[in-house]
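In this document, chain identifiers A, B, C and D correspond to the written order of the chains, with residue numbering beginning at 1 in each.
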């Protein structure tokens, strides 16, 4: 057989990039530096219609100035862009669609803009590629969604374009690596340009342009939970989790969700955890943002390591002073990295535990509501059983050994199972039910014409559900009927719970598939806020020996 | 509820109105008036479909501080923000007037012992002022309280105690200021206009209501202590408040009168000087005022513990 | 502000109201007995001495057209820091002036009420706006208890804290009727609707039976908060004179408890608008009486 | 619009009431409730009165209080609740705390 090679140019991307960058030379001074007022012109020069463009929008830090400038470009010059970015938080992220500058979107998470995305989808202003998990989207940066132009954000730059992203590195390395090594263009907004950087997080030759933004980039203290707002019911569920799951399986390596339930657990370790003699036996290694609520547990010697997706405002000095625990650079400040942390969260933790809005009788859970396209960020990567895992731990093996489907699906091979735990209250605030016969995700899929229902954690991955009524050990269930019965058995007086058959529930209790506070030996009258190691933000400052510097909005003093 | 001995070491800030009421007086001496079993709820809330409370969000009663009957009014911020309506407003006025009744009876029965047995009124504020669901009645009740305060002048000391979550705002902000003595913990806040309204009036650039540190610098206890609007700044335990109330109960009426900030033409003049200072200085932040009064590093003050703060702070000199 | 142009309202016309009420040409601004106020201080508060029905009275009113240069939120009749203390000073100077006079000769204080609020600014909170308004109220309460008849006449806006400060410590309160645009409230019904999540129509219906929450002169009348409603602007003078005389008579008869905030409580009970207040206080009295010995004899 | 008043009666296996004549716990805060327990001769039964702004949860209230009665075996007890949107678990916890309080020995 004869092979027919094709004839073509093999470096069109490189040439195109060179031409675009060259055309922008009028706006640069000292090599790569561009004045803020020339940013719109720069973007109009280096971006072309239909380009894949990434605006660095992380869970926390935002390339807000570049996002604003992209909204101001002439739509005659730039249109139909394909935005590929992990998080849409700022109004500008959607304004580009409103104005026709962008047309298509691939993303992970949208928080505050979720309502507008749904609206735009309905009106045809936006074409949605897919809603990904973080790792999934980063993966596609290197496969079929490589940005042509990336608008990134760093804390500092030097004249050579070297960047310091430091504490808030987050997504930057993943974006730049994908963009630059496929001959793309990287534009960075920075808070300041300095002579010498504390350390280099992104080498200068990977960066084409640097703009000093008029204001420091916007960052949201997303992971700060004021202990003063934790309720007695959250304390109760936290105690149930610690005794019924953490202690039961000896969970050492884990990820915590963002909510108040897990903040309560963090604050119960030095008190309730200590009473149960669990120090050193659980919660030693975290994949977690630097949660201020973890400070008391760290200070009491519970925690050995924490790797962070991103930073958290106010935790800089504390983290820097605890370099045995956190991942701190030679310059003394932490480096976060969402891609690596997500990898750790996917493969190297034994348990994911977090909250949700709704759980259905099959155990599918979702935070989706009917009119908001929000996505789930990284939760599904951690809230699943990673089939590629090949190392074993005690907790993982124990859960695998209890897995009722193991003989049927695994044969005689020894395997383990990730614990995927959802904490829910049967009714949330305003008495919204936490258990529903059909997730709102179904209505959303219909409203926003999505091909699949946005489910955060699939029922078959879920191993445990905690409510105030008890813990359901779902992986112990023999079949879907039993799984549904177990969920109904702890769903209280919701429509799902009211269908529970008391006899079946009693049988499941006997078998240890459902355990209540009484089964666990927890005195419900002792579950009060007085159990918390810190009762307010100020207590956290005291625990940190003054190193934690909470943002002004959390300072009640 | 916690026992008195446990309350003593408990946080005042976290305590419920009833816990504060019981813990502010001597052990085992508190008798509550219109307690929950009396079931005196607001009839107006019922009509509007708003949740009610048996004590209408206010715990009133009498206890002892040594030999001094202490008439306690304690507001519950968790119930509709501690706001004042007809029933709890009447409870407040009623309690103050009972103190005057007691004073009269003591004077009649124990003429030589009035100083030693002189009653006092202690109000633990936690309120945003008027309860909007019954705003007209609430407003009228505020006026009755001020009227009753004036009746107490030189006879029965009135002590404001402020150190709970909601702070003391709206009309109750001036009620607190009109007392003889003000005791606060670090978390206490007193003001007239709430931060959100100031932001609305002046713009976010001038006053960002979500910046709690700024809110505390403007209305918080440390600021109040510096400008002499707070007489005692104490640690956040019910026991510390109880102790200082015991001291106040024993002071002469003359000493009490000296602690006032308003209520006479001389005090008006003194306050006008402060207003002039603020008008001339146009401070961007309370810290400018702190610096003016001799605090070289004002930004450090919020971070200090109460004890450290008391050691180092410089206050406005009283004229 | 369009309302200011309306002939059928007194809103924003405090100075005119003073002239309409007192004996013609008798008002001397910034003078109380031998005390002279600085002319340019706190121009939003108008204080001075006038003659009413042949007798000297102290006048306290607001000027809605004045601005306070140093305190940017103070305009349109707002009572700010300087205004509050100026008003308090006027009261204390009145007490001082008649200190040695017999009860019958203690001059009346007339409050002309048209104010939208207290100074809602940052400087106000830094200096303590609560003290300025509290100070004025204590001064009025003291004057009332010293024997000065105090009559407040609501001619326009009597809003929330500003009404507490400038009005609600008077012996008697009279008000122009609703048809003159008179506003007495803490918050308009729209705000109450937002907070209670009940629609306005329902609230208006409820207000017919229960006067405690809705905005309006009539509701305050029913609660005892307003003694008498004035139906015609030209009647202001005669009604005020009538109330000054009635208050003076009650004081002379030693019936001070029928006046002021306490008296309004009694009136509110009589008019059926505030009946729980009395029950609450009676019950407390009874409960204290049962234990009084333990405390008084301690 | 007006507040909902729900009244229930429960039979109880036990006839044991609380040692105190009455006991009060909690605050009608947002998402919370207060509980007033009173010793009453009800032939062993329990009666409950709930005042709440929430509509449509009558059955949930009945089941939750029934659960409390069953779990604790109280009798001859009157329960009065003022509620402000408390979730079922908060209701249950407060009831249990109220009972614990009512049966606590008076140490002082």
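Here is the rule we use: a residue touches a chain if its C-beta (ideal position, glycine included) is under 8 Å from a C-beta of that chain, and two chains touch if they have at least 3 such contacts.
Because the structure is a prediction, the values reported are computed rather than measured.
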{"item": "Chain with minimal offset from the mean of all protein Cα atoms", "value": "B"}
{"item": "Comparison of A-D and B-C (more C-beta pairs in contact)", "value": "B-C"}
{"item": "Approximate Å spacing (C-alpha centroids) for the pair subunit C, subunit D", "value": "46"}
{"item": "Where subunit B and subunit C are represented by their mean Cα positions, the distance between them in whole Å", "value": "24"}
{"item": "CA centroid of subunit A to CA centroid of subunit D, Å", "value": "41"}
{"item": "Centroid spacing, where centroids are CA-atom means, of subunit A and subunit B in whole angstrom", "value": "44"}
{"item": "Residues of subunit B engaged with two or more neighbouring chains", "value": "47-50"}
{"item": "Residue list for subunit D, restricted to those that touch at least two other chains", "value": "1, 85"}
{"item": "In subunit C, residues with contacts to at least two other chains", "value": "198"}
{"item": "Chain pairs in mutual contact under the definition given at the outset", "value": "A-B, A-D, B-C, B-D"}
{"item": "Interfacial residue positions of subunit B with respect to subunit D in the complex", "value": "1, 3-5, 16-17, 27-28, 35-37, 39, 41, 45-54, 76, 78-79"}
{"item": "Footprint of subunit B on subunit D - complex, ascending", "value": "1-3, 22, 24-25, 27-30, 32, 34, 36, 38, 51-53, 80, 82-85, 101, 107-108"}
{"item": "Subunit D residues within the subunit A interface of the complex", "value": "31, 54, 57, 59-60, 63-64, 85, 87-90, 92-93, 96-97, 100"}
{"item": "Contacting residues of subunit B [partner subunit A, same complex]", "value": "11, 14, 186-187, 210-214, 216, 220, 222, 302-303"}
{"item": "Residues of subunit A that touch subunit D when the two form their complex", "value": "231-233, 236, 425-431, 467-469, 492-493, 524-525, 527-528"}
